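Here come two complexes built around chain A, the first alongside chain B, the second alongside chain C.
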Partner chain A sequence: MSNKRTRKISPMATAAVEHYVGLSNSLNTSEVSSGVFAARQHAQSLLLQLAFPTQRDEQWQYTKLVQFVQNRFELPNLNAQKTTLSKDELEQFTPPYERIQLIFVDGVLNCDLSDDLSSLPNGLRIQSMRDELQNSTSVASWFSEDALVFSEPFGVLNTALFTDGFVLNVAENSAIELPVWVLHVQTQDNQISTLTNRVQLARNAELTLVQQFVSLSEVQACTNVVTSIEVANSARMRQVVLQQQAEASFYFHNQFVSQASNSDFNTFYAGMGSVLSRHQNHLSMDGEHIENSQNSACLARQKQVVDSRTHTLHNQEWGASRQLHKYVLADSAVGVFDGMIRVDRQAQKTDGQMDNKNLLLSNTAKMNSKPQLEIYADDVKCSHGSATGQINPDQIFYLQARGIPRSQAIEMITKAFLMEPVETINRSEVKNWVGKQLSNALLTGGYFSGGDK
Partner chain B sequence: MLDEKNITSSGSSETQYQEINDLLDKNQHYKEGFFTSTHVETFEKGLNEAVVRAISAKKNEPEWMLAFRLKAFKHWQTLDEPHWAKAEYTPLDYQDYSYYSAPTCGSCDTEEGSGSEQEIDPEVAKAFAELGVPIMGEDANIAVDAIFDSVSVSTNKREDLSKLGIIFCSFSEAVQDYPELVQKYMGTVVPYHDNYFAALNSAVASDGTFVYIPENVHCPIDLSTYFRINEAKTGQFERTILVADKGSYVSYLEGCSAPVRDTYQLHAAVVEVIVMDDAEVKYSTVQNWYSGTDDGEGGILNFVTKRGICEGKNAKLSWTQAETGSAITWKYPSCILKGDNSIGEFYSVALTNRRQQADTGTKMIHIGKNTRSTIISKGISAGFSDNTYRGMVKILPSAEGARNFTQCDSMLIGDQCGAHTFPYIEVENATAQVEHEATTSRIGEDQLFYCKQRGIREEDAISMIVNGFCKEVFSELPLEFAQEAEELLAISLEGSVG
Partner chain C sequence: MLLKIENLQAQIDEKQILKGLNLEINAGEVHAIMGPNGAGKSTLASVLAGKDSYEVTDGLVNFDDHDLLDLSPEERARKGLFLAFQYPVEIPGVSNKLFMQTAVNAVREEQGLPALDMFDFDEYAKDKIALLDMHPDLLERSVNVGFSGGEKKRNDIFQMALLQPKLCILDETDSGLDIDALRLVANGINSLRSAERSFIVVTHYQRLLDYIKPDFVHVLYDGKIIKSGGFELAHELEANGYDEIIKQHQQA
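Now for the complex of A and B:
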């Protein structure tokens, strides 16, 4: 986005920007790392210059930030950080499979609830971002001024309010048996958790990462995440992101993924909570014979806005990318899908496919879909498809003819529709668990109560 | 034109010839690239309120038309040139164009717009004859409005048509003769503030065609307009209004060409189509503006706003276009489907070669119940060109049971070109069904091998395959046009395979 002309910024947005720049300054007063200090400063100047995007920005025309801008989220109180989450409270979120667990409470790693980071399996190293900052000097180089993170408005905000997150490394040729489960819990009203994560898989490494975002009660808070993922030659990464925050919350997640030759990256996003959520994958395929698959299942009702987007760059030959994105929208929910497959001139033999299917359960729900292709190489196979509609009455009739009540038939068909992308998760215990979460949200979330005609 | 040449080439006459020969070599295929020299009246370059007033005065326009122009001009001055399309061009200098140019004929009567078939400058007539445009009414199946730079020079078969109550005349004449109709419809589909180029057009509109088909009349012949830009550094700003009243039918064709010039020329048209209850309009375009040299020098900038509204029930509007020319195309013929059960269609073949850039597509706005739309777009890119489909399908909450089917196929010939698809799909009604499909591929090696094996030359084989690829769209074009489009395609593809 090149915006050379000075933007008109509304008084409301100016006030919000000043508020967040103020928070960023207060963080900088106690900052020890000069790299982070400089990065925050750079982010502040960008914030002041560009503020928050409005509907006039092409990338934000369907995702309105009005409500976000009206809020003045505060930083979590880092010093009062104790066990604000009891073991019992944690219990409700815990998955039923063996795992390595990391628990973040209001944006800060909680060591008491997390696994002991000094006794992790061989080849796996996890640090909290705060600890990493104190020990490593290379951190500063992550925030060079031309870093990709600054191309996104919420990437800029993330850097300005940089607080914690995790750094995860998998050593060469190590396959980590257990999935790493990272839970983020919001417990306090009106605060913004800023998480900056880095995941690096060395050559031929393998990892399954599950990131879950939840709220303890009906809090109105904001989570702004940036996750950078590097997948080296022949490495294999599987990722699942579950977003189940309280209905008044905000969620922004920018993922910057780069893949090297022969690597495989598989990510699945399930969006269920938050009044406004936006999950973005920026995926760069920087080698030959790369495979990846990006999928999502999104559910929204009432006044929720659920936005999921992908930006896939095929930069080298023989890349294969697959995408399936499904939305179920009820009440006055708004769904946004924006996908771009860009095939560079060098990326011959590319095979790219992107599908977006949407089911509208109500006449006031809206779906905005923008599946895009930008292709500069001739010997490629690329396609995209998008379909939006309601349940085929024939399908309902078919089930009714077999003695299944109408309401149950609608539930069955909707559930089957939503579950298709879940099939791409290749660890069965994770797949079953995610499937359960999604079907619970669908069947108990009030999607069918009034919708029976 | 010659003046410019003299200024730019200060070398010997030999090198000058060399240059011309090179230029000709490059543009051999563009047989419409000749230049007609005749007496012309051309306004000084530049654009300001006085120019707008002068255009209006030249055309002897009523007060309301001048007011419309001035309002649009004021608004245009507040706007910025749009650059969001996937086409790169340096911002245009609007002061470097002339906004009015018309052939004047010493021997002819200077009184224009007298209604009858006026006499035509013989040079201009020759030009149209060379282009194969039957302006003298020699073809029984078609009525032609021929537009040369800023004015309509001839409109034939008007009497025959008027017996049926059909109005077919140039836009300038319509302003004089049918002011109430023009006032009723102008700006209703494309308001003057719609976009930058529509505002510019509204301010300096040159000429165009006005068509009115009365109730329950099935227009027996095809109506057509041929646009010719002749003068260098002139902009053409045609304004066309087509109204099909209840239960009527018309097929309208549009063609265009321009001489080879080494600078960009601007063509910013506005076309408004109004379709009433049960009426049907078929609007076909074969666009063959000069596309510039191999190095991307010169060519027409085709920045067009075309939009139609299906005002009444069961109305049908169908856009068919074959786009092969222009340096840059920026064109989105759209349908507003307001009447219940109305139908919108868009069939397009866009071919880009050399350094051409095309950003074209459609908008289908569904408002009425059970409205249906079909979009078939075929993009072919060769050489160093970029070909973009940009389209919007919007289903408003009121459009119960709306249906849309979109198919965009792109084909790449060569590895230096680009093919892009940017669809916008906005659905606000659950009973609507919207489908979109897009594919990108190239001509299969086995397909080529298969043809060559049967003794077909590679170039012919490619032409055959491409024609097959476009068949769905060409079959929608009127017969002569379909043939012309196929030939154009073959010519435009020349040299793209090596």
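Now for the complex of A and C:
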């Protein structure tokens, strides 16, 4: 946020800022380490100075925050040690494959429902952020004033309000066999869960991480996450993020990823829930021969706004990045895709591809797509594209002419469209599970009834 | 009688294409419809299959004791009408197998037969694939995506073999086929001929008819059938073109 001019801030936004600065102050007690204390103070000053973006900010033109700003979300009760989620309630979200599990309820790690963090497989270390803050001295170094997290409005709010999250390390040469599944459950209305996660894969390490965001009931709550990921030389990380929160909830997730030479990073985002959701990857390729793939499948209906962004920096030679982002929009839903591939002068032999395809199921749904390339090297291979349309009537007729009812034909074509990026998920058990979640959301979510369910 | 078309009139975008077409087809018969470009051949095929971009403005079509024009495209297919497309459509992401298993089971449901599961369907599809000399990975591929023109046409005939329709309408199935593909498609069609199954073969050229040997040949011009005859009419058309017949028609 380089904007030094004084911004005009609406009374509504001022009130919201004061509310969240107040919450942030209540977290900055004497128990907090000096580094975190200073980081929160810095975040507060940025908040007071810049407040929340408005439609006049180019990056927020289509993602209106009016509804968010009208709310005064409260902090979760950090001292509710006892579980507010029963094992039965948890059951409905549990994936059908073996895993290591972490369960967060309203923004706080629930130790009763999570695996025992003291007996994890060799090479894997996971701590809750709350514990890490008390034990580690390195925490302060995460929040230098030029930290990337302060370049994003919800990164700023995250630092001001974060209360928990996880710190995950995979040791050198360790391949963690089981996927780590991190579930975030909203159970309380009008709360903001603020999570800061740190993931570090050491040299030649391997990890599959699944992060899932759900609501127990039709709450209106907010989840604001920052996940920082460091992938060292030759390490391999696979990530899946599933966003299935209640239809009145809010979701903001900023991911800051840095990759070292010869590493591989593969991330998949499935956006299905929330009235307003924004998922952002900030990916920096800081070595040679890096590969990565960022893909997404997003579904929205009624008045949902689903925003997904990627910012990919090719900084060194021989990097290959792949992207496929697909949206299915019904009713009056709004989709936003913004992707930037930036190729540094040094990054010769870059191979970057970004593709965005969108299917509109109604005449009132709207897609805003902005794929961009910025290239400063001369020996590169880059492409980007975006296409938005409705189902071709010839396709529907072809299926009908073989006896398949029109409604089923539309469902088959739409599902096939949405599922293409799911194929990029490496592990078959995770891929099948994600595919099922998406197809359930599509087929039972009122997408084809042409109205309100 | 399997199909009876009376005074069929149809338009697209306010342009009248079919102008009172009559045709009767009995079970087991093979009828060829020939005619110059723009005569309405493909329109006839599309109207019979129920494509909604065409508007039927008058006429009756009775198919196997049903008022055909009253049925949706999928109902027509379920009752045994099949259209092999001039341009089979690509459907990315939908496998041929899912597509055809769904279609076969839709027809079986109509006939009161139990659905075929994945294994039964594979077994059922196996010899149909061999019949058309198609690559065995055909079922796993997305419908017509990355297929050559000939493969697409063969895929349509493969679908016809699976669905076992009563009336097969082939819309310029021979266009764009090389001689080997043409022979395979013709073999596929011939293997499906039976005393119960009828065919309407819409074509420009005699070459497919040489393999199929239709019982009747009709000349379609300006939205009507202006001449009908036996297979020898196709030879006559190939030798003399349409001009002579059109001239006779205009004088009459």
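One rule holds for everything that comes next: the second predicted complex is superposed on the first by the 446 of 453 C-alpha atoms of A that agree within 3 Å, B and C clash if a C-alpha of one lies under 4 Å from a C-alpha of the other, contacts with A are read in each partner's own complex, and residues count from 1 in each chain.
We take it that a residue touches a chain if its C-beta (ideal position, glycine included) is under 8 Å from a C-beta of that chain, and two chains touch if they have at least 3 such contacts.
Since the model is a prediction, treat every value here as computed from it, not as a measurement.
Peer 1: Would you sort A:R72 into first (chain B), second (chain C), both or neither based on which partner it touches?
Peer 2: Touch partners of A:R72: none, neither chain B nor chain C.
Peer 1: Applying the document's definition of touching, compare chain B and chain C: which contacts more of chain A?
Peer 2: B
Peer 1: Pick one for A:K303: touches chain B only (first), chain C only (second), both, or neither.
Peer 2: Neither chain B nor chain C is touched by A:K303.
Peer 1: Looking at the overlay, does A:R203 come into contact with chain B only (first), chain C only (second), both, or neither?
Peer 2: neither
Peer 1: Pick one for A:R427: touches chain B only (first), chain C only (second), both, or neither.
Peer 2: A:R427 sits against neither chain B nor chain C.
Peer 1: Can A:P371 be said to touch chain B (first), chain C (second), both, or neither?
Peer 2: In the superposed model, A:P371 contacts chain B only, not chain C.
Peer 1: A:K64 contacts which: chain B (first), chain C (second), both, neither?
Peer 2: A:K64 contacts neither chain B nor chain C.
Peer 1: Taking the superposition on A as described, I'd like to know which of chain B and chain C A:A387 touches: first, second, both or neither.
Peer 2: first
Peer 1: Considering only the defined contacts, which chain A positions touch chain B in the complex?
Peer 2: 58, 62, 345, 348, 358, 360-390
Peer 1: Show me the residue ranges of chain B that touch chain A in the complex, using the header's touch definition.
Peer 2: Listed in rising order, the residues are 84, 397, 410, 412-442.
Peer 1: Report the residues of chain A in contact with chain C in the complex, numbered from low to high.
Peer 2: Residues 392-395, 397-406, 408, 412-413, 415-417, 419-420 of chain A touch chain C in their complex.
Peer 1: Applying the document's contact rule, which stretches of chain C touch chain A when the two form their complex?
Peer 2: Touching chain A from chain C are residues 49-53, 72-74, 76-78, 82-83, 85, 88-94, 98-100, 102-103, 106-107, 110, 142-143, 159, 163.
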